[in-house]
Structure formats: C-alpha cells, structure tokens
Amino acid sequence: MHKDLLAPGAFLSPLVIEDAVRRALEEDLGRAGDITSAATIPEGTKARAKLVAREPGVIAGLACAVEAFRLLDPEISFRAKIRDGAKVAARATAAEVEGPAAAILSAERVALNFVGHLSGIATLTAAYVAKVAHTNAKISCTRKTIPGLRALEKYAVRCGGGSNHRFGLDDAVLIKDNHIAVAGGIKSALERARAAVGHLVKIEIEVTSLEELAEVLAAGGADAVLLDNMDAKTMKRAVEKVAGKLITEASGGVSLDTVAKIAETGVDVISVGRITHSAPALDLALDVET
Amino acid sequence: MHKDLLAPGAFLSPLVIEDAVRRALEEDLGRAGDITSAATIPEGTKARAKLVAREPGVIAGLACAVEAFRLLDPEISFRAKIRDGAKVAARATAAEVEGPAAAILSAERVALNFVGHLSGIATLTAAYVAKVAHTNAKISCTRKTIPGLRALEKYAVRCGGGSNHRFGLDDAVLIKDNHIAVAGGIKSALERARAAVGHLVKIEIEVTSLEELAEVLAAGGADAVLLDNMDAKTMKRAVEKVAGKLITEASGGVSLDTVAKIAETGVDVISVGRITHSAPALDLALDVET
Amino acid sequence: MHKDLLAPGAFLSPLVIEDAVRRALEEDLGRAGDITSAATIPEGTKARAKLVAREPGVIAGLACAVEAFRLLDPEISFRAKIRDGAKVAARATAAEVEGPAAAILSAERVALNFVGHLSGIATLTAAYVAKVAHTNAKISCTRKTIPGLRALEKYAVRCGGGSNHRFGLDDAVLIKDNHIAVAGGIKSALERARAAVGHLVKIEIEVTSLEELAEVLAAGGADAVLLDNMDAKTMKRAVEKVAGKLITEASGGVSLDTVAKIAETGVDVISVGRITHSAPALDLALDVET
Amino acid sequence: MHKDLLAPGAFLSPLVIEDAVRRALEEDLGRAGDITSAATIPEGTKARAKLVAREPGVIAGLACAVEAFRLLDPEISFRAKIRDGAKVAARATAAEVEGPAAAILSAERVALNFVGHLSGIATLTAAYVAKVAHTNAKISCTRKTIPGLRALEKYAVRCGGGSNHRFGLDDAVLIKDNHIAVAGGIKSALERARAAVGHLVKIEIEVTSLEELAEVLAAGGADAVLLDNMDAKTMKRAVEKVAGKLITEASGGVSLDTVAKIAETGVDVISVGRITHSAPALDLALDVET
Amino acid sequence: MHKDLLAPGAFLSPLVIEDAVRRALEEDLGRAGDITSAATIPEGTKARAKLVAREPGVIAGLACAVEAFRLLDPEISFRAKIRDGAKVAARATAAEVEGPAAAILSAERVALNFVGHLSGIATLTAAYVAKVAHTNAKISCTRKTIPGLRALEKYAVRCGGGSNHRFGLDDAVLIKDNHIAVAGGIKSALERARAAVGHLVKIEIEVTSLEELAEVLAAGGADAVLLDNMDAKTMKRAVEKVAGKLITEASGGVSLDTVAKIAETGVDVISVGRITHSAPALDLALDVET
Amino acid sequence: MHKDLLAPGAFLSPLVIEDAVRRALEEDLGRAGDITSAATIPEGTKARAKLVAREPGVIAGLACAVEAFRLLDPEISFRAKIRDGAKVAARATAAEVEGPAAAILSAERVALNFVGHLSGIATLTAAYVAKVAHTNAKISCTRKTIPGLRALEKYAVRCGGGSNHRFGLDDAVLIKDNHIAVAGGIKSALERARAAVGHLVKIEIEVTSLEELAEVLAAGGADAVLLDNMDAKTMKRAVEKVAGKLITEASGGVSLDTVAKIAETGVDVISVGRITHSAPALDLALDVET
C-alpha cells in the first residue's frame, strides 16, 4: 500500500511504519480520543483536504501520513500527487485526502508531525548535498537521531539524497579513541575487531592525525577511516595518503558553510549529525474543506 | 531514583521514561549489540566519564540518561552535578558517570540523544521566555511534537520555563475553523462542546477576527480563545474586548523576532510550534577517561 | 467500521478497542485455542446467532463485540439492530451475527463479557440519571474503575447518560485534603497548582466545611469545588455561597436512595464510584442456530 | 517479594501482576503524570498511610497494591498486616505504607482499584461458600470475567474459598448444546473430543435432561457433566444416576437465595458467573498522614 | 484466512500466528529492511514462486508462511496445494505464491524458517508414530520446546499424528519426585493437589518403581501415572497393575530404536522430548521465477 | 549481572535476554502459574540444585538461565561454575542454584530449554569448527534460524567457535540469482547495490560458475562472493581466481562429512544452515535437592 509513496528504490518496512504511527496516534488520542471532533462534527459529515507545503522543500514520510489516516478509518482515501524524495515549491499539493470529516481531523496532526519532521530532514540533507554536488563526496547521517525514529529518519536522509551511516551499534564496527586506548593501540584494536566480527561486517577507525593514519594503514584490517576534526589541509594530505585503499570519512565541524571545503579535500563521505538531530520541520498544512 | 534529577516541582512518570529509553536502546543495540566495544574492550575495564555541555543552554532529560546507563548495567553510577531546568555554560559538567567501560560506551549515544534533544527544546523555550519576561505572557508548546516523545518534550518545555498546551486530543477541547463550519457556527459549536464534555474539561475556540470574537463572547461557554494570526493591533483590541473574561492565546507567525511584540498586546499565552518541532539539539558530549 | 455502533456523538479510539479486545481474546484462547470447537465442529459449518438481552437495560460495547468476531474471523458478519446508548427490553435482539460456526463460538464469551460489563455500567448510570432528571445535576463517574478498562468504562457511563470526571491523574487538578495539608493550606495549594499547570487545565479542590469553602472562594484560582460528604443542608448552603462562581460537585455517600436529595441541593455534578467499580453485568446471551 | 502477601498455597505469576499493574498505572498517570501532587507537594515530603477496610470482607490483591507503589517508587515500604484470603472487619488495617508522599498519593487509586475489585470478588465468593458449607459442593467461577483480569479474578475466587473452572477455551473441553448439535449428537461429540485432545485434558459435557444424561453415561469419555438449569428435583435424580462416575456441576439460576438448595442435591460443583462479573467492590481506603 | 491451511480438526489462534510471524519479520527486516531487494529489483517487478519440499516429510506451518507474505504485502497471493498434516514427497509443491517480487523475496526466509522448523517436528513425530502403529500407544510431546514457539510446536506435533501433553505449568498437575519429597510423600502430595485445583484439572504423578505405583493406586486422586525410566519388563508389570484405572505414560530413554518396545508394554502414552527440542528442519525451498 | 556468564569478548544485550526469557516464562506459566508447585510445596521450603550436563558439549545460554530464575524470584542465587563457550564433560556441573524451592522448580524448564537449545547449537558448531581446524576456513551460520531467537542463536554459534553471517536483511547486501535476473545481470546488480547502500555496508554476490565469477571480478563493487553448490574442484579454481581480492564463501551441501574437503579448497568462510535450524538440544538437567 505504501510502496508507491516511498522514494524510488527505497525500502521501508511496513511493520516499522505501522508501529511508529500507531504509537503516535495512541499518544495523541489518549484515553478519550478526539473530544472536539466528537462533540462538534455531525455524524456522516465528509471532508476533503489537501496536504500542502507552505515552504519549498523535499518531501518524506507520505507513507506515515497515509498510515495515520488508515488506522483511524480505512474509508479515508489518500491520493499522493508526488512521492517521497520529490522537491516541492511553496503551496504545492503533496496529497489529497477524502473521507469522514471527524477521522480526517483526528489524524491530521499525527500525519503532519511525521511528514513535517521527516521532510525537514530530507530538506536539510538536500541542502548539504547541493553544496557538495561538484565533488564525489556523499553526505551521510550519524547515530545522532531522535530516539525512537531512527529507521524513519535514516530513510528521510536518503530521500534528501544523502547516504546512511551505521543504523546502530551492531551493524558495523567503528573504533573510536576510547576503544583504541583500552585495546592497547590501533593495531591491537583492529586485530581484535577483525577477529571478532563476521565476514560481512565492515570496520572503520577514527584518527585525528596523520601519524595515527599511518598506523592504521600499516596495521591493515580496516575498511574505512574516520578523519576526525582535521583541518582541510591535513585532511587533504590524509586523503592522498590513503590513496583509495580505504574509504575516507570526514566528521566534526561540518556546517553548510564549511561542507564544500571539506568535500574538496577529496573525502568519500562527510557525516553530519545535525541533519537528523537539528533539522527544523518543514512547514506543511492540511487544508480541509468540509 | 530519577526524582532528584527532574526540574523542581515537575513530575514525569518513571514508566514513561523507562519505556522511551528501552525503545531507544533496542533501536541502537539492534540484534547483535555493541560489537565494537565487545571486540575491543578488555573484560573488567572500568571508565569514568563526564557529561559536558559544549555550548550554553538549559538542561533537560538527565533522568533519561541515567535510565540508559542503568538499563545496560545497574553497576554504573551516575552523579548529577545539576538538575533539569538549570542553565549551563559551555564546558560545564552536568553529570559524572563511572562503571564498566563497555556498558558506558554502549549507552553513551542513547543518553546523549535524549539529553541533547530535550535540552535543545528547553534552551529554545528559555530564549522565547526571556523575550517576553517584561510581560505576563506565558510561552506554551503545541501538539506539534516529534512522534513518540510528546510527554518528554512537554516536560522539556517546562524545564525551559514554558507552559504546556493540550497533551493530546482528549484533555481539552479546541474548536477550530473546520469544526465551527460543520457545527453550524460558533454558538452551535460551543453549545455542542459544552454539552459533550465533563465538568473538568476546558474549551478553547479559535477566532480570526474581532467579529468572531464578539460571537464567542456573546455565546458563552468558552474558557479560552485562540487569536489566530492576528496583527498586533487587532490582537490588542481583542485582548481589550475579552477584558479578562477568557484566557487569550496568540498563535501564528511567532518567532524570536516577533514574540515580544505579540506579548505586549497583553495576551495570556503565546503558543509556539517550533520550540518542539524545530529545536536544534544542544551540543553535549560524554568525555570518557578509561 | 465501529462508528455506527457507538452512541451518537461519542468517540472511542479504534486503537483502544482493538487493543482491549485483542488482549481479552489472547486471555481466553490461551496457547491452544478453542479446543472444544476445533474438536467437535465439522469444517465448513456455518452458524447464525442473535445477541439478546435477557433483562432490560442500556446497551454499551457493541463495537467491542464486533471487534472480537472480526479478529477471530473477518468473514463473520455483524449487523447491529440498535446502537450503544439504546434502551433494550428483555428478549430484545441487539445484533445478529453470521459466519463460520467455530469462530463465532470461540469469540462468543469475549464479546459477551465486554457488552455485559459495559452495558451493566450504562444501565446503572442510567438509573442514577433517572433519579435526578428533575434537577440540573449531572451524574459523573470517578477514577474508581476496573484496572485496564478506564476508557471503555467512561464511554459506557456516557452511554448511560452520565458525564465524565477526570480520565486520569494528568488531565485536571484535584486538590484533596492531603495535598492541602502538605502545601500549607488552601490558598497556597491553589497558588502552587495554578502556577504549575497549563492554561487548559482545570483545578478542582475538595472542601468539607463551609469554612474551607470560604477560603477557596477567597483564594481564587479554582474552577470547581468538591463538596465532600456534606449533609444536604450544609451542601445547599455551600451551593448558595458559591453562587455559580464555581462548578460544584458532590461526592460521598451517594446511592440510588440518596442521589435525588443530593441533586436537589443544586449541585452541578454528583460523582458516583459505584457506577464503574460495582455495576453488575447486564445479562446478555448469544443464541446460536447452527 | 509478593509471596508473603498471597493466600497460603496460592500461586500467582509475578509477571502477571507486574503486567496488569503497569498497564493500570500507565492508564491513570497518562502522559503528564500526577500533576496535582507534583504541583502541591513540597519536595522531600514523606507520608505514612494505612490501607483500611471500610466494611467487612475478604481481602485479595495485596500483591497488586505493593506492585503499584513499587513501580512508582521503590523507596516506598509496604508492610502487610494480613495476607490475601483473610477476613477483615470494618476499620481493620490491611497494610501500612510509608515513603515519599507524592509517589504514595500517585499510586493510591491504582492500588485501591485492584484491592477493592479483587476483595469484592473474594468477599462475594465467600458468601456463596458459606451458604453451602453444610454440603460437599464447591463454588466455582466461570469464564464470565472482566476482560483483561482473568488470572487475577480467578485468584480472588480462590482467596474467597472458591474453586476455579476453566481459565480459558484451551485448558479443558466443555461441550455445549451447539457443539452437540453440529457434531451429530452426544456420542459423536464425545468421541471427537476424546480423539482430539491430549491425555491430561478433561472433558465436560452439558445436559439439560435426564435423557441426555443417560446418553452421556452410555457414551463414555466424559469426565464431568454440566447439569444446566435443572430444577432441584431433576438435579437430585441426575446426581443419583451419575453415582460418582462423573463430576457433577450445576449451573444456571444460581443466587445467594438458591445456592444452598442446589448444593443439597449433592452436586460436586456449582458455578456462579456473578462472583466475577457482578461483584461489587469492597470499600477500602488509604488513610494518609503527611 | 488460515483455516484451510491448518490440519483438519486443528485449531490455532490467528492471534498466535500473527504475533509469532510479525516478530520474526521484525527480527529479519531489522531497521533498514531488505536492502538487497530494494537496491536491485526494479519497481513493479512481479514474481511467481513455488514452495517446494526438497525431501519427503510431513508439512506443518503453511499458515505462518501465508501470514509472512500477507504482512509484507497484502497483494501477494498464496495458493496452497496441500494442507498441514499432509505427507509430501521430495520435489512436491506445497504452495504457489505470486505477486510483487521484492516483497516475496523479503518474506521468503521467514516463511521458510517457520515451515521448515514446524514440518521438521511434524516429520519426526510421524516417524515415532509409525513405529508404534501396531499398538495403542500415543506419541506425546513435552514442555521441552524452543522458547517462544510452544503453541506452534505443539500444533506441529498434532500435524505429525502425535498428541499433546501439558501446554504449560498451569493446565494440569504433574507431580514429580521433588514435589513428592517436600510434600511428605505420595499420598500427601496427591491430597494437596486434589484440594488445590479445580474440577477440570487432571493430576498426573511420576513413579520410578512398582512400590511407588502401589502407593499411588492406594492413595487415589491421580488421573495418570508417569512411569519414569523403567525397563520394559517393569513397565509391563506396572501397566498390568494399573489395569486401566489410570492413564499410563512412559518417559525416559525414548528413541526411534526403543519406542516400539516401550509401546508394546501397553502404556497409553509415550512422551518424547526430542520431537520438539531436537527435530531437524525439513528441507524446503522457494523456487522463484521472476 | 550477566556479563560474567557470557563467552569472553561476546556481547549480548541484556534487553534481548530479558525479553526472550520473559516471553518464555509467560508461555510456560500461562494464566494460573505453576499449579503443581503451589499445591505441593510447603511455604518456606528452600532448595539447592545443580545444572548438570548429561552429555559432553559446549555450553551457551547461562545468562538466560539466570534471568529465568531472577524474573521468578530475585532471591534465588545462581553461581556459575563455568561460562558460556566452555566445553563440558558428561556429568559436569555448569551452575548451582539455591533459593525458594517453588520458584526454582517453576523456572526450571524455561532455564533448561534455553541452555539446552543454545548449547546444542554451540556444540554442533564446535564439531564443524573442529573438522576444519587444519585450514583457515571459518564456520558461519546463516539466516536459517528458529523464528524469534536469532540474536541468541547467533551468539551460540560464536560460543561454539563459529562466525556470524548477516543478522538480517538489513545489515549487508547478499545478491542472489533472482536479484541478478531482474536487475539485468551481475554488473547491473552490483552497480545498483553499490549506489544504494552506505559506506559501511558490505556486498556479497552469489555465483554458481567460474563464468559468473569472472563477471563479478570484472564488474567490481563486491566485497565477497558466495560460491554456491560448486564441486570441490571448481571451488578450488574459483578461490584461485579470486586470489584474495574478495572474501570467498562456500555454501550448499555442507555436512560434517564434507566440510573438511570444502575447507581444503581454501575458501574463507563456509556457511552451514543446520548448525542453527537443525541442532539437537544438548541434554542437561537440573538436579534438585530439597
């Protein structure tokens, strides 16, 4: 049901969508439900509504909106005019909704909260992506996400043209300074990691200097290297030293102002926490005709 | 356990905290858990860490942080230096953590994601509150929250000095333009609402003009009136007309630039969606010594 | 799907219904399911059944019944003859059910347990409501509900013509004697409460004497006053003193014998614990033809 | 922790208790929690309270009460003065509670709702049991329970001296008239059932006449027979005919007025729906000193 | 929906199936979903597939397979060629599936994991059943099941022609040596048990010698006796002593090599742990044409 | 609490353990709980017990056992004599348990079901690992696991010395024949996959011939290649062609008889479905002294 709404090529489990939206509806309807609509809307009243962008951006989360309406009343029809990943102008209609007025108004806020939040992430991601379009660098999210929404937020990043970093602590190894310290150094940490994980798990390791990078290259066993908080010049040297043998990722101090310069160092990936933890919501509204 | 961390006078159900944090940990640990720490950290390694603000702000969510550490390992100790609602300077230590290194590193990101997000909301709320300190207006949140975190976000608003609007569709009546249209006008809508709800439920109604306000005042039955998108002059007139008989709320077009002027109209409450849906995270870090 | 079964104007979240009924079915079917029906009913056997009242009363909970049948087999059809809130005579048919015999018999008890319990509440509420019909007093439920069914029981109270008090500890303030004692008196308690809660939260305060009532009136800040266990004469005086400035609620010692006299004091609301915690089930049966 | 509170010899899974109480607390605390206590109770205030019966009865559910207090604050101490199954006089103290005042008041209603409801069931059961004390008949509950609380209600029946019928559709076979009709008669139904179930599952079959009873006895395969709605004379004849070869159960038309006469027919078990679906709550209160 | 797939006469709650399959899909899809199919399968691609046995066996679990496909995409059609309990030859087609290619491939492994595991149990059970076909002994499962799948595994045992022992600790009494020891002997244990449980609960008691058996027979109160780890000769004597007054169950040391000999002692039931805890999966595959 | 029981270096989320064990206890205790122990064990009876292996093997799952005892009664002490991953001889004691007798007996079966199942997997894995000890090949599990237990089963594989393949569809790409077919060939499939996934996701692709392998090597973009059902000679040629540029994995037709020969081809990884889906339980018992 949701497939035609997702960004092309993207997958998002219908079970994840249903679970997140059900929780949000339970949170909003509480124990007594929508007492305003129950009290004021005469039985049998129908409504039409348009989901409209009030500012330009990139849409993400239409499948959550349709799920909100469906869970409250399967009779509500939802016709998307675009699909996730599309750019919209201000005043553009993203979807049309039609059905029982009370259920539409009851689901409205939850639907908007999902689409607004996820489109905000997609839109901010797209802004970063645009800044590095002249390079080969990918913009990647991090694990700095709003608790409970990680799968949806990472999907929104893809809608905005970004790429995904780890989804959690379990799907890749990322060795940071603290791990290196207690493991007895870079070489030892990499050996321990390689011995511990399966053959389909990648290993990335953080370095803060060219000396540490040299150690990593000498040790072997890493698939990627995280160049943490390096200035552009050092980073460029680091990329040259790596010479394509590892994937290079830049992190730290990334903003819309600095990202192009970082990308021009030649790094493969630039990870940006704020595209998930600090993206303002895209302003959308449901214009209802009753 | 969490009480000493909450903002003074604030209540937050321990069941809500545990449920939210457990979900976030499950989301981050996934199926295999923290494979990096398991691989690289020698058994028995202990660590100390400081939860440090990297920029000034208002703290909220320490109870979520302690819950994240506790759920992963009850042996971790957590000593808060401040409590929620406190202002912190950059580099201030909010709490100290001590215990098994692997568990501390495994819980770190979840703990930070909660405190960063909620402190971001508290900090932005406090900025709005400061702008209207010379008036009697309260800054209030809305139902425009990130799905799944409403109770925590509304608590963060209180940490920032703000006030809470409805928690959901069920705890107060808010009659908007669509409800009025299908109910047959303001008078009819108010009568239907008053007849439907219990004696401890308040009723608020949205108006967009002084004419509508006059209808509301004539009809009776409302406890509060929402002055939607009025210019300052009209709003001032509206407040004068209400003359304390109803609570007045302003909404629409509220920003840090405009909020003082709105407050100066004499409204009782100014509701601001962006303090919950668009607050950037406060930058915090866990500085770990192993 | 459930809307046409609910009492007119009433809202009950479909998510609440589904969750409660699913739990009840899981409780009744256990691990092995309905072993009697599986063993004795030949495959393909169809049945018709009538949901019949065995005594007069007010019906509530038909949406739970249809959900029980639907969850076990979507092929079962359910045709309601009346809707919630209707009075039925003994032997009246509330609904007709038709479909696979085994599934109908497997869902029968859960369906009846919901409708019997909720109709029992509606019926007892209606008896109280009838006793005060000559006054303006509303009959209200309390938080003394059967654990796990509050939203459904409060809905049943409305089906019986009653009104709802708080749904929980979070949707209104009710200051009782213990709160007053530790807060340092009535004035202080009211001030603390008013400062703490949002503009859409009402505040009610309990008094047991006219002196306390005078303090409440003098302090301001309350929306309603709970006259606890007052004799009729004192209560009448209290209502006169309030003179419409606050909502008045009577509680304590309310029974079918005493309720009319209490109502005649002029109170606005009479709250009755026993309509939820002690209502006998309405006797209903499913008469099955196979 | 709960063991010393349960009726002697009774078992009730701690997982069942925790799940039921957690749900009830979530239902009562809602999203915002106990706003009254948060607002009015100064931090650090302690309280003592007594759980007192306001009328005589049989206590059941103390383990639910302690769980309610524990889940809100593990610092609350709970000292039972009696245990489940004990008879209490009016004004007797069942337990003493001590700890943080706000948490005690927040948990109070949930604790009382459990103990009041379950003690009501135990008390009514004990009344039936007393009526048949001069016979060998056991008073048994049915599956007519309040949805979601079956395990707890069946436990309360045992606290009142009663016995338990099936816990669900899956733990014994009970062949009723409809099953017999579609299975092709009593003999066929019993054969089908015996072939289908394991060796530790009992089979009971409903009869409404001595002729049907004769069929059951001739067919073999039943462990118990349900004598449905028989007059006392016929029931006596039925018991004589069974002559101890099967367990005999009486059902239908059982009340406190009729139960002794039914028991005197010599039946082994008398099942009574109303001890679970229609038991009024026992009146209990928490007397708090702050 | 699932009824036509279940073994004739068998019941399995649709709620149990849905819950188990939903969990398994969540486990397999994780946070990001099926990234391979999302990346490689062009939108709109359809597929057909056959669920094929790669070795002979007895099928069980088709309802789980259809549920896996349905939960991922309701547009997938599933046509069973056989139903649970049927014997299949190697290369036989059990079902045909048709619909969106990506969803079919995403659900494939979960569907196969259920059918493979449950069919493995049914197949091994059938092998034991075949070995005792010349006797009246039933092959029964135990509580030695894979955690979380008991209801499904017990159903699979029935698909293989076996019978079910207790589903849990709560649906029958089984008194073992430790219980006897602390209860003060066989007679006391039986008396305590009979007094404690309802009239539809059977009691079985374990004995290891003819002396203990004599005690059981003398004491009365048991419905079944478990002859634990007896040699065939002793067991035969035991069966003779019981002389049909109790159900006899053999346990301990049962294998495909020994089961016939045990059955020939005349016992009614032989319980075999390994049909659930150690059954190898039946080899099945989904042959997909895209 | 569980850390000292896990295999050295292994991590298993305490949340995963608690969730799995809680479900299993709920499944076994049902609604009424352990009625046998409640009836027969005098209050206050204590017991000691030893968890003993009845056959040699590799232990896994002790943390699940301790969790089962803890959830039923926190007073039960559990002292492990060994930790997961250890080899035990027949009759070796793995752990000692001491505490309330009823709770120990109630938790016994769930504890044993976990340890028996997981140790069975660890033991069978270790047998495969031993067969290839003279080579560099790793034994790896697959996604062919028992539904609901994947994280625990993959942990058990590691306890047996094996390595883990993907945990689900979301943590690595595995392109199979069907994906290749619809994606338009090997090159296209690899390109699509590389473009779609983040930089920390590995890509493996299945080939069945040397021609296909050549295509994969020419296309680039893969991290690993799955050599499916190749005879040993072809596989050896394949490994030579790959020449260390990709990780090589063998699958298909792997048994204890064939695995050494396959390993001798030089492949890096051999994946074996039957170590998870068909491992017989290790025979363990709880020897209780009361």
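By letter and in written order, the chains are A, B, C, D, E and F; residue numbering begins at 1 in each of them.
What we mean here is this: a contact is a pair of C-beta atoms (placed from the backbone, for glycine too) under 8 Å apart; a residue touches a chain by one contact, two chains touch by 3 or more.
A quick note: this is a predicted structure, and the numbers were derived from the prediction, not measured.
Any chain touching subunit C that also touches subunit F appears here: A, B, D, E. Between A-D and C-E, more C-beta contact pairs join the chains of C-E. The rotation that brings the Cα trace of subunit A onto that of subunit E spans 120°, given to the nearest 5. Residue numbering shows that subunit B and subunit C use the same positions for more than half of their mutual interface. Mean C-alpha position of subunit B lies 43 Å from that of subunit F.
The distance from the centre of subunit E to the centre of subunit F, each centre being the mean of the chain's C-alpha atoms, comes to 22 Å. Each chain gets a centre from the mean of its Cα atoms; for subunit A and subunit F, those two points are 32 Å apart. Residues of subunit F in contact with two or more other chains: 9, 27, 29-35, 37-39, 106, 150-151, 164, 167-168, 170-171, 174, 192, 196-197, 201. Interface of subunit D with subunit C (complex): residues 20-21, 23-24, 27-42, 45, 47, 101, 105-106, 109-110, 112-114, 116-117, 120, 143-151, 167-171, 173-176, 178-183, 189, 192-193, 195-197, 201, 273-274, 277-281, 288, 290. On the side of subunit D, the complex with subunit F involves touching residues 1, 3, 8-16, 150-151, 154, 164, 167-168, 171.
Those residues of subunit D that touch subunit A in the shared complex are 27, 30-31.
Across the complex, subunit B meets subunit F through its residues 22, 25-26, 29-35, 37-39, 43, 71-74, 100, 102, 106.
Put simply, subunit E touches subunit D in their complex at residues 9, 138, 140, 163-167, 170-172, 174, 192, 196-202, 204, 223-224, 247, 249, 268-269.
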